[in-house]
Amino acid sequence: MLSFESDYTTGATPKILKRLQEANLEATSGYGNDRYTRSAKEKIKKACGGKGIEVDLLVGGTQTNAVVISTLLKDYEGVIAVDSGHINVHEAGAIEYTGHKVLAIEGKEGKLVASDLKKYLEKFYADSSYTHMVIPGMVYISYPTEYGTIYTKKELSDIYKICKTYKIPLFIDGARLGYGLMSKKSDMSIKDISKLSDVFYIGGTKVGALFGEAVVFTKSNRPKNFVTSIKKRGALLAKGKILGIQFDTLFTNNLYFEISRHAIETAEELKNVFKKKGYRFYIDSPTNQQFIIVDKKKVATLRKKVAFTWWGEYDNKRDILRFVTSWSTTSEHIDELTKIL
Amino acid sequence: MLSFESDYTTGATPKILKRLQEANLEATSGYGNDRYTRSAKEKIKKACGGKGIEVDLLVGGTQTNAVVISTLLKDYEGVIAVDSGHINVHEAGAIEYTGHKVLAIEGKEGKLVASDLKKYLEKFYADSSYTHMVIPGMVYISYPTEYGTIYTKKELSDIYKICKTYKIPLFIDGARLGYGLMSKKSDMSIKDISKLSDVFYIGGTKVGALFGEAVVFTKSNRPKNFVTSIKKRGALLAKGKILGIQFDTLFTNNLYFEISRHAIETAEELKNVFKKKGYRFYIDSPTNQQFIIVDKKKVATLRKKVAFTWWGEYDNKRDILRFVTSWSTTSEHIDELTKIL
Amino acid sequence: MLSFESDYTTGATPKILKRLQEANLEATSGYGNDRYTRSAKEKIKKACGGKGIEVDLLVGGTQTNAVVISTLLKDYEGVIAVDSGHINVHEAGAIEYTGHKVLAIEGKEGKLVASDLKKYLEKFYADSSYTHMVIPGMVYISYPTEYGTIYTKKELSDIYKICKTYKIPLFIDGARLGYGLMSKKSDMSIKDISKLSDVFYIGGTKVGALFGEAVVFTKSNRPKNFVTSIKKRGALLAKGKILGIQFDTLFTNNLYFEISRHAIETAEELKNVFKKKGYRFYIDSPTNQQFIIVDKKKVATLRKKVAFTWWGEYDNKRDILRFVTSWSTTSEHIDELTKIL
Amino acid sequence: MLSFESDYTTGATPKILKRLQEANLEATSGYGNDRYTRSAKEKIKKACGGKGIEVDLLVGGTQTNAVVISTLLKDYEGVIAVDSGHINVHEAGAIEYTGHKVLAIEGKEGKLVASDLKKYLEKFYADSSYTHMVIPGMVYISYPTEYGTIYTKKELSDIYKICKTYKIPLFIDGARLGYGLMSKKSDMSIKDISKLSDVFYIGGTKVGALFGEAVVFTKSNRPKNFVTSIKKRGALLAKGKILGIQFDTLFTNNLYFEISRHAIETAEELKNVFKKKGYRFYIDSPTNQQFIIVDKKKVATLRKKVAFTWWGEYDNKRDILRFVTSWSTTSEHIDELTKIL
């Protein structure tokens, strides 16, 4: 069946499979001590600006959030996120499982507003009983957000400035990073992301890999004995080279960004299809996730012919549906959808 | 370089890569809700005896141990293991990270002795202050063990009987399960393992898969909302079908056991090579891990030509080296080794 | 200095000190295995209605919340509370430290509204991705609330009905229970509290004891091996009899309720003083905590002569101050305050 | 009944009760922000040598161990202790509950032997797979030990030297500190303990207080925001002054050491009683805990007339019993015991 359900429904970009095949019988040491992983890290480091960059390859997004947040937070700290942030909603309490609170701030279209962050921090320290409260120790944002929106360079800079004032790291969840950076509305490169954050990750799972997320520490701030902390959380892949090969491929000849751009282009086509058919959008998303308002009766009909994500109710008569493109979406898929609509 | 370093140094058995390739562009739902995963679970269920069997697919071994142990233990309980058990030594404290103590009992050649287990439990409950101590809530053993040894059916039955008396589950770490069951010394099938335990896992990572461990709950005892508990621990793979395809392949036409048997056969060849050259064994292992006593000078020479694991010092003059075969070891590898020795 | 800062500023009701003195040199077993503790539990059990009641004595409120919530929640569950709930704000993340999320719902004057709870639960289970979210496993409310307000019997019954529908326990934080039950607006007894909840605690720290909170499991639902779970959390007092003696005293001849009523009477006097002086109240509290709106200049003057809690800003010119009475507040204190105002 | 069961069977040294009485109606701020706590900390600081000393007052021993160890350990670290260490046996897994492993080393009569510690650390770092293991991050010892034995200054210095070489803190559990320091075999003062450790605590619960343990950070190394970490663990007493008054009393006019010496003197009397009657000792303890080998039949008879702790079986015919004196043991108690024996 035609599917716009998500960006993790298909396998991997063909070049990755080819290289897995080629390297298959080569024996290498485990746990990332192999030439593919070294090469991948080197390429990512270079792409992100070089100096002070340190890279680790993990398996999945929730895992990466939990590993990074729990190793960077101090005992008495929690992590600030918008209420719709992935760590606050759809990770089954993975952050709390590590003993830390998610400090939720109301977001706007999925984004953290710098002035709201400032207000939160000022109010916190103005409260004389703050030592009995969870001390904010990190800011978590997603780029793009769970609503497909992206921060401008100015917005990100403003947030990062506040973080630096309060001496708390800024962590960017980049599960869909490529789709954000390749958006036509984006005014940032991966080097900007690297400059304007303390740690972020480059999503592979949703952007062309079978799985894998590349964590980038940007300011020579990789936690000490990080491999042991990863192992302790059951997050160290034995055959690390499978991750190495994938990211080495994605960061060869700009592949990661090329396939991301492709998804953005099909997303634009998809938007146009809906627009032409007179549909309204729940949110104006410039990335690969599109949120469409659809009459409930139509939803029932559509469901038989195309897969999507039911996002919630818009009102009594209409639902919000999410349609997502990816590196593997083709113009044929869009054509099929046009017919169905 | 020639490598007998471990059984996770190469990729996957070729059939797996072929099927990943074939399914690559097919869109399926995520998180294991796909036909490959369903099929894999069904085949594993059948292989294990059917009734009461429930299967989940996870990514890695330490992760699986942590997920299973921490969801089955009650708040006030710990898990019994031999001192050399993987969870007690080489998982960076992953069990303790979940808030539970590993209760270590001295093992014999890596195995838990039933009478030692009994003594431990009797002594525990004879101690009037036991409510101030960690209450034993599970028994963990490895099959084969970290020393390559295996339990006989009688030995396993004896342990399981004690577990049932004390009403605590028996959990078998089967990271190398295939290599244990295909050992010429084994008197058990996977159905026996299933009968004589409450939960175990079928190692994929070390037995032909890129990664993956299949957890088998054997007595209709899968924890409620287990998917949420897996997600909470960052252990739920988004593209679950990658796991599904791998285990579906391994459990089609007995492939898992065939490639395991192959590794045992090359292990026997390897043993013979060492024996003929006059080497002594640290332990008499009937599986794919072999522990050889080697003169320290020879170790230095060997290191240049072949990869192995340095296991520890035997005495001032000699070391213990571990040589491991796997599904991907060939007779050519053995021949090469013969020349080197 | 005159103090209305809180209800934990003085020591213990004199009878408690007297009995500690009398029992001082008597040797008893530790950890609650003593006749005083047994007697205290028996008296509390009787006061709460007898059948199915089980009692444990702990040291402090945050500790009690963490112990009860973390032992009753299942692995994949979180606890629902209003946003102003003590566990959500002023316990430094003690619940999250146990690995569980606090699921915050907007409250009304500190109270959870039954219909809001219902809506939350309905929406949760209507979301098809709920297995990726923290499953609500308990409802936590405070009686009286952090704003001094109390639930009517009807309101509590409505909440409890919903809990029973969803099969999740209702836990009442009774750190100030006596002050709630003795309020002139209260239409409930401790037996009602016991009937309409699964577990609650009777605050001693704020109601006449040096310290101590009596946890009451009301439906034969005390967790198995609860003492071990308490010990594991460092919450088991060695000299348990110190707790036993205090609660035995408080539950002899209705003392707990008598001293609570006294605090309510002085709170009424205090309210009248402020009213007569023309002050406005931030909230209409029928218990021992009073929230007064005070001009910022006046706040500065007052601070020199009387201790209170600064609760927050009301607007640019006015603050909210909290004045609290307790078992140890006297009419002389109120007279002094009158002069100061 | 006559009791030598433990040193936490009676209440508090009378001066403490007197001062609690005197301060009872004085209103002070909570959580340790009161003049009694300040005074107590100052006196302890002075007693311990002054410079660099920082003091916190907690409620109980297991709680203190968990708070100190879990706030000082880094994410990837565990704590070394002898197998008989309190944290390894009788705290229901409180350390593991905080996510950290106790790394047990075989002790000698309850003591950690410096050369064993050295060997453990050398072997650990010689293992090439150590990053997959729990990294030793602290050494925990008890003074006196769980067997009543004490370290000499030379022994403690040797251990501390190793800790400094490996840059890991040394933590001394001083639940019975006074009884150790006042032992006739002791060649150390509290200033020595302070010099030769990074953190230790002064047990109040077992040495004259109703409850309370004073944590002493000795090298300006108190963790940042420690109060928040204490609160997060439910270990912050609301009426902090109850702790303050107790330790202020104990550290006025040397009271802590005087009552400790008294317990040692009655322990000597008790030893003599057993010696004269021909009993043998399981261990030669120079402190207030005595371990006597008693014929099983005699055990049954004794049990009717005197309380003690059954420590374990010596052989088929004999048990090991523990008899403990304390600040509240009198010569009359010893006389009574003589008659019974």
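Each chain gets a letter, A, B, C and D, in the order it is written, and its residues are counted from 1.
Just so we're on the same page, a contact is a pair of C-beta atoms (placed from the backbone, for glycine too) under 8 Å apart; a residue touches a chain by one contact, two chains touch by 3 or more.
No experiment lies behind these values; they were computed from the predicted model shown.
> Return the chains shared as contacts by chain C and chain D, ordered by label.
A, B
> Could you find the chain whose CA centre sits the greatest distance from that of chain C?
Of all the other chains, the one whose centre lies farthest from chain C is B.
> How big is the gap, in whole Å, between where the Cα atoms of chain A centre and where those of chain B centre?
33
> On a C-alpha centroid basis, what's the spacing between chain B and chain D, in Å?
For chain B versus chain D, the centre distance works out to 42 Å.
> Per the centroid of Cα atoms for each chain, what is the distance between chain A and chain D, given in Å?
50
> Using the touch rule from the top of the page, what residues of chain B touch 2 or more other chains?
76, 91-93, 97, 99, 131-134, 228-229, 231-232, in rising order.
> Spell out the part of chain C that touches chain B in their complex, as residue ranges.
Of all residues in chain C, those touching chain B are 31, 70-71, 74-76, 99, 131-135, 223-225, 227-229, 231-232.
> Could you pull out which chain A residues touch chain C in their complex?
Interface residues on chain A, with respect to chain C: 76, 78, 89-93, 96-102, 104, 127-129, 131-134, 310, 312.
> Tell me, which parts of chain D touch chain C in their complex?
So the residues of chain D touching chain C come out as 1-3, 5-6, 8-12, 14, 17, 20-21, 23-30, 59-67, 91-94, 97, 205-206, 210-211, 228-229, 231-239, 242, 307, 328.
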